[in-house]
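The structure's right below; bear with me while I get my questions together.
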Amino acid sequence: MSLQLKLNWLASNFHLQLELELNNHWIGVYGQSGSGKTSLLKAIAGLLPAATAFCSLDGELWQHDCFQLALSKRKALYLAPDAVLMPHKTALQQLQLASHWSQSTVDLKQMIQDFELEPLLALYPSQLSSGQQQKLALAQALIAKPRLLLLDEALAHLDHQQKAAVLQKLKLYQQQQGFMLLWVSHQMEDLCLYCEEIIWLKHGQLQRQQQLSSPHSNQLFYAI
Amino acid sequence: MRGLKLIFACVLVSCHVSASQLIAAASDLRLVLPVLLQQYLAETGVSIEPVFASSGKLSQQIQHGAPFSLFLAADSLYTNNLLQQCSPKQHCQTGFYGQGQLVIWYHHRFQTAEQALKHSQHIAIADPNHAPYGKAALAYLQQHALWPELEAKIRRSDNAALVLHMLSTGQAEVGLIGHALMPEARLQQLLPQSQQQQLQLLQKLGRTEVVPAQFYPPIRHSWFYRPETKQPEIKDFLQWILAPQQQQFWTDAGFKVEHH
Amino acid sequence: MLYPAEWQALWLTIKLALFSSLLLLLLTAPLAWWLSRGQSAGRNAINALLTLPLVLPPTVLGFYLVLLLSPDSWFSQLLRLMGIEALAFRFEGLVLASMLYSLPFVVQPLQQGFGQIAQDLLNQSKAFGANNWQLVTQLIWPLSRPALFSAFILSFAHTLGEFGIVLMIGGNIPGQTQLLSMLIYDQVESLNYARAHLLSGLLLLFSFSVLFWLYQQQRGQQQQGQQQRSQK
């Protein structure tokens, strides 16, 4: 998979300028608060059209100048730190709707089992803890079979144990479905454990882009 | 929600209300005209519904397309005006059906009408801009010796009938209205109970005097007729009210009728 | 207890309130949606225009409507071309008038209700692949139902109490434009205080019970929602 991206955005107190080409499946995004990580993910998802000069996935044009591919055709799912859920639907209904909307063939029961969602199914989002909400949002996203999954601290509210279990399942689904995953996290050790490549942002600019499988991977640790 | 749907369904079903025969009439006929219409219904079986407002307002409405084919105005000014705007194709007609009289009502605590005008706090009249009895009342007051004093005491109401309302609720101690709003006892007996009570109350509270005709320009009650295919019975009704048999009614209602 | 003319006026009043409120909801919902999705000079201008009936006296609106609805106006001629009679002094004209008059009472609650639906949620649902129809039926409709409800209440109640504009354009014609408020005015003019008392009391009672009933319904919905959420 190959994602090409060019961002140029001048906000009042923030200047984002990036040119990227990403080819790996697990990509970690690292950087201090305010370095432009969220903007990067939102731009890829198509939520910041003003900031995006160019975006394409596997040669399919997503955005260039005035042209913008509709959100429903991209299948790029952005998961925010606070899970976005429908307040009037139970967990089960949310999963069903996601499956219905994306015309997915993913096995719902399997998904519920994998993410241990059974006890939550009859509950509304406001009855769930923030960690449970994140788990639900992730399961919902995986049902929709994304081509690109953009996690913006989307697992940060899970405890250590749960996170490990969820990540393991996520890895499994990634291998099955073959999507590309961009993962913003402040936990460097998580990123290093799962990612093949890490990009490091600073003040809205690309500081470093590093393959982890390469022999030079150690350099990154020193740099940080 | 189901109740709402039910109501809505009912509303749709009852969408078309049968149009009855409508006539427009000046406000001073508000009490007596229903009696006349009742008599007409009893004689002919035709039911006619009146819509009341001041003559000026009604003529405005007719100009703007209100569906009245007969208009009983209190001033020939308005009927002539409507006649002029009629195209020859429409075969509009006007005519005279009686001369209205202005009466003054004043509270018992005043001895005479003159005293009442002098010492009262408020004088109620209809709006002279569009109500003929208001115009006549203003003309009467203007030629009065005390006019500068009186002017400040005038309280205008929308039409002649509302003057009666102001008097009966004590908002004014003196009022000038059409005689037809204070009809003769013979006609009063035919009114609905509640109206009779109100009129009796007013008669107990004060006195009514007819204002001599030389003090105000004549109030020429005129009708305006515009034939409409939807309301064929109206023409018959017009002829009926103008017939000699109805003379007594108009006299009782306080009109001076010219004998043909 | 009531005379036929009074039943007719009562019925006409309810009919007018229902018709104009429902039509208004249908017609202004898309507009309110557009208004709720952001800020711009164009939106502000339209917002100001829609709020005008709230600040203008009914006489201003009534005056323009009289001109607009009269048989010789360009509007009536346009209608005639489409085979519709002039609307002056007819029920349809009153519906149009009360729709204009109740405009801010519908658009503002709708706009607020729609505004509370997060753009993030809409975007995410689109990204899942939901089409516009699915967005409306499964997301926007259930989430904005309370707003639609209160817009309807306000418009309905407002139309029940309408008088100024009806006085100017209605003509007080039984079965067409003689609303209960007009009939009461009429009865007062004819010194029929007993009937005026009865009708006024009736309108008072009726308005109160409708509002009470509607609010009860709304509260019921809210309680249901709270129960679902309170088990946290």
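Quick notes
Chains: A, B and C, in written order; residue numbering restarts at 1 for each.
Convention: a contact is a pair of C-beta atoms (placed from the backbone, for glycine too) under 8 Å apart; a residue touches a chain by one contact, two chains touch by 3 or more.
Quantities reported herein were computed from a predicted structural model and do not represent experimental measurements.
Farthest chain from chain A (centres taken as the mean of C-alpha atoms): B. In terms of Cα centroid distance from the overall Cα mean, chain C ranks first. The centroid of the Cα atoms in chain B and the matching centroid in chain C are 35 Å apart. Chain geometry summary: the mean Cα position of chain A and that of chain B are 80 Å apart. The centroid of the Cα atoms in chain A and the matching centroid in chain C are 46 Å apart. The multi-chain contact residues of chain B, meaning those touching 2 or more other chains, do not exist; every residue touches at most one other chain.
Contact residues on chain A toward chain C in their complex (touch as defined above): 45-47, 70-72, 74-78, 80, 84-88, 97-98, 100-103, 123-124, 126-128, 140, 144. Touching chain A in their complex are the following residues of chain C: 118, 120-121, 123-131, 134, 138-139, 142-143, 228-229, 231-232. Put simply, chain B touches chain C in their complex at residues 1, 7-8, 11, 14, 17-20, 22, 27, 30-31, 49, 51-53, 61, 63-67, 159, 161-162, 164-165, 168, 192, 194-195, 198-199.
Chain C contributes residues 5, 8, 11-12, 14-15, 18-19, 22, 66, 69-71, 76, 86, 88-89, 171-176, 186, 188-195, 217 to its touches with chain B in the complex.
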